[in-house]
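Chain IDs A, B, C, D and E follow the sequence of writing; residue 1 opens each chain.
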Amino acid sequence: MLFVSGEKWMLFRRLSLATIGVQFVLSVLMMINFDGSISPESWSGAFQFVEKSNWINMSFGSIGSLSIEYFIGVDGISMPLVVLSSFVLLIGVVSSWNIKEKAKGYYILYLLLSSSIIGCFISLDFFLFYLCFEFMLLPMFFLIGIWGGKRRAYASIKFFLYTLLGSLFILVVMIALYLSVVDGDANTFSLVQMLDGSYADGSVLDPSSKQLIFGYSARAVAFIFLIIGFGIKLPAVPVHTWLPDAHVEAPTPISVVLAGLLLKVGAYGLFRIAYGIFPDIAVQYASIVAVVGVISILYGGMNALAQRDLKRMVAYSSVSHMGFVLVGLASLTTIGFSGAYFHMISHGLISPALFLIAGVIYDRTGNRKMENFSGLASKMPQYTFFMAVFFFAGLGLPGLSGFVGELMVLMGAFGSSQLSYWIGISATLGIAVSAAYFLWTIQRMFYGNYFVRDSSWDSNMIDLTSREKLMLIPLALLVIALGIFPRLILDFSNETVDFFIQQIGKFQP
Amino acid sequence: MLLALVGVGIIVISKNIIHAAYALALTLISVAGIYVLLSAELLAVVQIMLYAGGVVILLVFGVMMTNRLRGEDVVSGSRNRLVSAIISLALFLFFVFTISNTDFNDSQVHDSDQIDKIGISFLTDHIVAFELVAFVLLVALVGASYLAKMASDE
Amino acid sequence: MRLSEQLTSILNDLQGAWTESTLIIGSILILLVGLIRPNEMLIKVLFGAIVLVSLWLNVNNSNEGLVLLDSLHLSKATNHFGSLFIITALLLIIFPRDKKHAAEYYFFILAMLCGSLFMMKANSILIIYLSIELVSFASYIITNFTFKKVAFEASLKYLLIGAVSSAVMLFGLGFIYGSTGAFAISDLANIGSLDTMCSAGVAMLMIGVFFKISIAPVHLWVPATYQSAPSDATAFMSIAPKLAGLLLLQRMLTLSVFDSELWIFRVVLILGILTIAIGTLGAFRQINARRMVSFGAVAHSGFLLPFALISSPTSSEAFWIYSVAYAIMNVAVFYLLDQYERKGIHELSDYGESVSSSWMGVNCTLVLVSLVGLPPLVGFTAKFFLFTTLWEYYLSSELIYVLWYLIVAVLATIGSLFYYLQIPKHIFLVKGQTNQSINFSLLTKIIATLFSIGLLLLFFAPKLVIVMQQLLNNVHE
Amino acid sequence: MSNAMIPYYLYFASLLFSAGVFVVLTKRSAIFILIGIELMLNAANIVLATFSQYDPSLNGQILAIFAVVITVCEVSIALAILLNIYRKTKVSNVDELTEVGNG
Amino acid sequence: MNWLVIVILFLPLFGGIVSFLSKENTGLIASISTFFTFLLAISLLLSNTSFLVLLEWLPGYDLSIKIDSVALLLISLVALISTLVNVFSIEYMRSDLGKNRYFAKLGFFTFSMIGLLLADHLILMFVFWELVGFASYLLIGFWYGKEWVPQSARLAFIVNRLADVGFLAGILILNEGNLSISQFQETWLFLPSLLISIGAFGKSAQLPFSGWLTKAMVGPTPVSALIHAATMVAAGVYLLFRIAPYLHADALIIIALIGTATALYGGISALMQHDIKKVLAYSTISQLGYMILGVGVGAPEASIFHLFTHAFFKAGLFLGAGSIIHFMHKMNVEDEQDMRSMGGLRKYMPWTYRSFLVCALALAGIPFLSGFMSKEGIVIAAWEWASINGTWAYLVPDIALITAFLTALYVGRMVLLVFWGKSRFETKVDVPLENSQFKLPLGILAAGSLWVFYNINPLAHGSWLDSIWGVSEGHADELTTLIVTFLSLLLAFTGLILAYSFFKPDSNYEKSYGVKSRDRFAAILNGFYLTEFYHIFGRGVEKAAEATFQIDREFIERSLNLFAIAGVVVSKVIALIDRFFIDGPINLLAYLSGFVGKLLASISSRDLQTQLAWLLLGIILILSLILIF
């Protein structure tokens, strides 16, 4: 953490850059050392680089003890996400280069945020996970609330409340899980034990105990709670409305992190916790989740089509894209899971880039309304080029990473035994919708005769600076690389996902 | 007992605080009589001394120092009669119900040297309470005098 | 003879009441010193010394069980909770005091403290009554110490409500006494079952204690009083008597006699739910910061209430953690509010003026977020333990009310965000009308920071709370 | 004095208590309210005294005596506060005291 | 051999990239690279290579590339036409600023198209399918500065995309671990067959997706020649050719009907156009209809042959049109593509005229030219098919014949109006003005339309290429062949004669043609308002999107904030209760007793006694709870 006194913002940004840079290098090193070919026998065998030490251990006399552990490690699912996070965070630092106001606070919060995001991905203790999950809220709240746009107060509070609501659902499930899962004799928060399903006999969430809460089985209630909780973070329709506001009001780097990583945390939670711990219920509720996903895809897409604000459009496109993740999860097939997973990664690259692109125009003019611009292509060809790469990646053009994820998700959806064809076909329609809104945007803003609403902006309409290129080029390269060689990522996650599906397969009818 | 009821009646009906205060004195004295009937002589004495002698005079003082200073009527309006009546009636009915549901048969009267006994238990069984009440008195004394001083200061 | 035996046992047990005796004597000392030399610093130092001595005595107290001829009941819990109260009192030193009236002021604080200790330890119903009255009297009087008209009003209302509830309680005590012949809580354990009259008595006794804990429907005095009483007195009032009352109630209600009395559980849980609801919903509409926080405190009383019903080790552990967290948070929040009020910031909308002091704003936010119960602050740990306890309790008791309680508590936690966050919202997000710059002294900032660090630290190392418990019980591992 | 009389004392106490409640609720003057409270406390004392006669250690009576003492203190504090209020506002009716709070 | 495939695939892309980076000679580099691709493909074709390559792309999903002679032949075709178009474009785009970009995009397109032809795995095919669409989008939108250009480009892409949704959904329904065309065994079910066919319809501009093709004409004309005549639009046919054996019978019928309808639609629409490119575009639609029809009636090999020949003559026509437009542009004619401003171009550009005429006649289906040979095959197959399927099915060959007549008619009209008669513009030059870079491609393409390249017998309906696509011999009986040949020849010549009689120089029509009058056949001119329909559809979607957003803002948002609002409301209610709870019962009782008075006046929640009343009420409730429980 960065508690350096003084008022020099230069110092802060360099320090944070260095910190995040080191973080990135370390995570890449880790990834290189990660062995993706291990096929796990059980969840406890799936994790690597495990570190474990006792953190909180309280004796409760006869009841047992509360033990919370500092227990971290990565498997094939979290490893690439860790790298992605550090990468996107790095981009975020670079893009916050021109934040000078209250820079100290900004960077402190930013680093707090970054460590909690990474913490989320690597923690193997539910409590630790939850902690990091919550920990993201406050810095985010302030980052949006202080450095945001005009309606920042509204947006940040909305964001905060929504996400908090979600996390309370998760909290309830966490407590229930804690009381049901044992490691040896003692109750534990260890995700590994939860995943391996070592339940205490007769406890609430023990699959064999069939405990009812309000007439539903306790496990179903817990699963639904988790879906709601992470669904808010994801965000899925109909609990997505915080997202556009938060994005629109957040400063560019924060939008980048928000879209690139925070949404992934929600998805990761669904993977790891909702689907990992409750595979039996996941099978039962597959079609409901899929329907929510499809609605998110189409609904988000239609909303994006109606937007006049570039950032808002991108925000809704995120809703649409995260719908694919839900569909992929709901398919409960290897390809669907991998697809959902891949889509997370790819969206983690595309959406930051899209927000950067929106940020570029905002930096120049202080305006993002589409109707205020047209024909930018002739004035800013490089900008247009990058825009095209990411827009087309967003609409799922083959050869770019967006396509692979969508394709795999759809393959999963069609291949799933739980879902009817109509789910898949409707989800496929989402591709057309995304084409519509991205292309429309391109047409309105970049093609046609050059025009800006306010002639005073004219002088600012310069092409990309080298700093902006520095951010966009790596993203573009990665998007293309992943589009052509998806196995760059999938080789890491493959074994884990296979094992995952095996676990779920036990409950398939 | 009847006397007490009369006093209560006056309090309830009266609008004049002074009248009410005197009626309270009447009630208190008759309650002291009841104490005697209940063979709680010490309590009766304390009742007359502290209550009838202390509280009522305090109250009258209070009335004098507030309303009277202004030369106004010492009449106090009343309100919410119906609700209040319902509430108090409900309470009363509840108590009556409770009491009538209870048997009081296995007890016997102990009639001995009360004052001795009480004095001893003040210093033995209830020594803590005794000290405590002393402290409470101190607090109240300091508080009341302090507040009164505050009032006269400003 | 019996008398001499009694006297001997009193002498033997006297150690059990040393703390209180010290406090009584100390308070008189303060009063005297105040009469002779009304020097603020001197009084503060004296106050600190008295409190420290009593803390030392309390920690070193080794008596347990019934002492002083069944008047008091000592246990590990009374020991460490007593120390907690004393420490809370000690913390009050950080609040700045006006020169005037310092001696009297601390006298009443000590009286409150002493009363709380007695209340917590009371066994005889006589002591219950007296200690509650002692605390009440001290509170009534201390409410006046802001010397504002509103304070007088508030204290008069407080007194009248208090008097009514104490009359009810006394009536109830009479019922209990009458129907069972029991004159102490420990005697209640011996009776077979409760008849209607005794139940009524217990209920009315509970009303009296609820008055101190500020549970609905006897919470009505809270907002007015908290709003107009001096900050430190408010902080103390919201901690020591409340927790003491809870402990008393816990000792009483967890007697096996009441196990079969379902109505008690229902009534307590329903009132708890009601209290949470009223506290939370009431806080929404407030525009005065202090008043809002006081509604929050009412909600917290509701959160704490179930601990009075549950006697498991988990519960007592959780109770302790919640109490410690609550004590620290409340002292902190009232300290901060006090500091802001000293700069003329009372209403929520005034907080926009303080945008220039963002460091205080951060501290403020941390404390309030902790009150909401979010990580990474100890408020979360407390809530977490509370929920865990309730869940366990639900599983063991199968009372549907507990589940509802849990649901309401979770919802209220969400709801509490809406109002607690008003202050940070105004500090950071809404600009004030005037651009006067408000600066806080370094000392204030340091103290506020220490509070924040404490809240964070206890979150990351909740073990410290347990260690503290052991230390306060003079147990060394 | 027989056991049979007990309920009647208790009825009487209840009546007194209820009357006190009524007074507390209806009268506007703070002093009147205090009088009401006195009635309630007296009722409680009667209950205590009633039961005390069957108790060899007379605890009820002792409690009642303490209660009387406490009541006196209470009244004195109340009057002191009232005096302060009166000095400030020239008001002694509680419903005219509406300054605290905003609802 | 694998490396050769990769070279073939990536050479055009590489050429495109290099030409993008190079300052000068961009077109030359691109041309050379595609030419080498062509040579390579031809050499592979001649060496009769055929193999399968597997790539593991996703874990567990091998993508297969299959090289066989059909693919190689078509690759050669694509490479050849691409080369020619590149050469043509060097001159055509000489003065354009963005020509680097242009050649790069062309290279990218060629790459995608070759990839599409190589793909054996359906997903891989889909990948390139999309890339082809994307490249087309880029090229259509090349002159993005004009307002309607990007709009048209977007329309083309989205229409394609919609069809692709069907394609993808079809593929995914089929997906059971194997998606390589060469490894399919059984006939597919109806749904996936139909869905995949929809994909093909989209790319091949069949009804109802035809509209995009005419819109696509806003791109540079060489692009139209390459993409929208010869290659991309043929992708759908190629796909259907590949999967024809596995298609469900019902789906085949639908394909046949759609093809027929499209053929007729294109033919009618082409009749009335004024824009030379539009004529060609509708004609392309019509011809594509033929091909699709061919697949539908079970003669995919005839279709692919038609595709092959059509590629030559239609590319020739488009390049010819490009040459004309280029010329008109130099003449500073305002509507450079409007036939109403042309006329008598024969003498200014004789080379163009000759090649254009050859190609046009090939299109009309005149013997000795390739069009005749391939089109006959389809019509004969349709006739055969109809004879099996019953009376109603004769609709298909009948309409095909009518379309042949229409084709001859509009071809004749176009040639006459453009090249014959007097010029309707101000001439500035008298000498023929043609560039060798124009002549070469035009010549090659026109030559490619001659019969000799396919079969020595000008009246035969097959060619030596038949062996490549493995046509099944001798299924048509002589009589049918004879009748059909006769009929179509008759119709074609009738059409030409009719056209001549209408549009011959100095005819009434020809004289009045330059006058831009109101069109009597607006519906036909506008292609039956298909694109307008798209626009309406698009607006509908837009409206729906707006509505969704409204829902989002008004409904979802509200209902979700209900929690907060509910909180506020409840707190208000609490306040109200606080204030009126006492009032309520009092009110009631007051009415009853007629005792309405001051009681109600001064009750408020701040008031102590109300609070006390609350308190005591609470106590009573608690106490009564004891009794209840």
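Everything that follows uses one rule, which is that a residue touches a chain if its C-beta (ideal position, glycine included) is under 8 Å from a C-beta of that chain, and two chains touch if they have at least 3 such contacts.
Here the structure is a predicted model, which is why all the values come from computation and not from measurement.
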item	value
Maximum centroid distance from chain D, chain identifier (CA atoms)	E
Of all other chains, the one whose Cα centre sits farthest from chain C	E
Of B-D and B-E, whichever chain pair has more C-beta contact pairs	B-D
Identifier of the chain whose CA centre is least distant from the whole-structure CA centre	A
CA centroid of chain A to CA centroid of chain E, Å	36
Geometric centre distance via CA averages, chain D-chain C, whole Å	26
Between chain A and chain C, centroid-to-centroid distance (C-alpha), Å	43
Averaged-CA centre spacing for the pair chain C and chain B, given as whole angstrom	30
Multi-chain contact sites of chain A, meaning residues that touch two or more partners	161, 165
Where chain B touches two or more other chains at once, by residue number	79-81, 83-84, 87, 91, 94-95, 97, 99, 125-126, 129, 133, 136, 139-140, 143, 146-147, 150, 154
Multi-partner residues of chain D (each touching 2 or more other chains)	10, 13, 17, 21, 24-26, 28, 33-34, 45, 50, 54-55, 57, 59, 62, 66, 70, 73-74, 77, 81-82, 84, 88, 94-95, 97, 100-101, 103
All chain pairs that touch each other	A-C, A-E, B-C, B-D, B-E, C-D, C-E, D-E
Contact footprint of chain E on chain D as seen in their complex	21, 24-26, 28, 33, 94-95, 97-98, 100-101, 103
Chain A residues touching chain C - in the complex, by the definition given at the top	56-63, 66, 102, 105, 130-131, 134-135, 137-138, 142, 145-146, 152-153, 156-157, 160-161, 164-165, 168, 171-172, 175-176, 178-179, 204, 213
Complex contact set, residues of chain C against chain A	312-314, 317, 358, 365, 369, 374-376, 380, 384, 387-388, 391-392, 395, 403, 406, 410, 413-414, 417-418, 421, 425, 428-430, 461-463, 466
Of all residues in chain C, those that touch chain E in their complex	157, 160-161, 164-165, 168, 196, 199-200, 203-204, 206-207, 216-218, 220, 262-263, 266-267, 270-271, 278, 281-282, 284-285, 414-415, 418
Touching residues (chain side chain C, partner chain D) in the complex	125-126, 129-130, 133, 137, 140-141, 144, 149-150, 152-157, 159-160, 163-164, 166-168, 170-171, 173-175, 177-178, 181, 183, 223-224, 227-228, 285-288, 291
